[in-house]
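Encoded as structure tokens, the structure appears first; notes follow it.
We call the chains A, B and C, going by the order they appear; numbering starts again at 1 in every chain.
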Amino acid sequence: MIFQKEITIKPKSRGIHLITDEIISNCREINNFKYGLMNLFIKHTSASLTINENADPTVRYDMEKYFNKIVPESDAKLYQHTYEGLDDMTSHIKSTLIGTNINIPITNGKINLGTWQGIYLCEHRNYGGSRKIIITIIGE
Amino acid sequence: MIFQKEITIKPKSRGIHLITDEIISNCREINNFKYGLMNLFIKHTSASLTINENADPTVRYDMEKYFNKIVPESDAKLYQHTYEGLDDMTSHIKSTLIGTNINIPITNGKINLGTWQGIYLCEHRNYGGSRKIIITIIGE
Amino acid sequence: MIFQKEITIKPKSRGIHLITDEIISNCREINNFKYGLMNLFIKHTSASLTINENADPTVRYDMEKYFNKIVPESDAKLYQHTYEGLDDMTSHIKSTLIGTNINIPITNGKINLGTWQGIYLCEHRNYGGSRKIIITIIGE
């Protein structure tokens, strides 16, 4: 059994956002799967998806701070692809470091995350606009 | 055909560990799949999974050294989320850099890794405890 | 319905290469799937796969430059695993930072990438040789 749906996530500010509830409320069909895998795929090259701590918002602030440090915009002068500003090439790099897709097991009709896990959308652009995510579930 | 099972990996010391044999011995059901995909998902935010060199233990030492350099605990003063020590936020960051899940093809009843590939569990905490991994196999 | 095939990618120079067309032309069976997920898995520990910008070649140059900066070969003296040269351990590290496998949704017989997305093979070795990729498609 397979289910697929494209959803649109409203524009988010630059930084890291917990979207677990937004995914689940957009995909009630999860309930139809006893066992399965859910794949989330973001159709963009300057935003990314990861799984991390869901309870303390400071983790998201610290994470954004870290990625700005490790991919500094002050290095943008080293890059050729900066047509759209200092956050252009740096966003592509962050996207590859973090990744464009994640898989989450489904068990008894629910996504089977650990107690402290949530789904992050990482918006790397200053003005990224809305973002499209394809949800694909395979299971039974 | 789908198979899913949660396993518990015994506590490991901080660092990078080859767990290929531990996964296979916990999941004989791999043999039942002619073709498929196995997903390993770690239900934690301060440990991670990756695939890398399986033969020389120095790769695991060097890898741990690299991630300690690129996510230094001396930076912990920059972070807010350090309630549990210098290895708290840094472990979350490493978890996102490396990733919480991997997919491995199954071919003729065996995981189809390259000659030099093995499955790594990366324990980022000083005292991480046991770790839960969900194994999901989809195939035929 | 499941499809699996191992393909061989001809040797590439060190750096980052767009291989979307090479994957598609090697896997016409994508057309047989209305909905599905395609997994690409590279059977090596010193090359990697990611998804990023498909239009401007300077993104690939900048990306290579970034990963050489963040995993510098001048650090190789810190590592034990350098039997095959300065690009040995650094290649393993890059492989884990970027990842060995990606999943791409399939919709109506085509891979459903965003407008600006393409598949990158990242060759981290100076002389990497040909690379094997396993394509697994699950869907209907």
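The rule is short, and it goes like this: a residue touches a chain if its C-beta (ideal position, glycine included) is under 8 Å from a C-beta of that chain, and two chains touch if they have at least 3 such contacts.
Quantities reported herein were computed from a predicted structural model and do not represent experimental measurements.
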| item | value |
| --- | --- |
| Overall pattern in which the protein chains touch one another (line/ring/star/complete/other) | complete |
| Equivalent interface positions on chain A and chain C, same or different at half | different |
| Centroid spacing, where centroids are CA-atom means, of chain A and chain C in whole angstrom | 20 |
| Interface hub residues of chain A, defined as touching at least two other chains | 70, 97, 99, 103, 138 |
| Chain C - residues contacting chain B, complex | 2-4, 39, 41-45, 70-71, 75, 78-81, 89, 92-93, 95-97, 99-101, 103, 132, 134, 136, 138 |
| Contact footprint of chain B on chain A as seen in their complex | 35-37, 50-53, 56, 58-59, 61-63, 65-66, 69-70, 97-99, 102-105, 107, 112-117, 120, 138-140 |
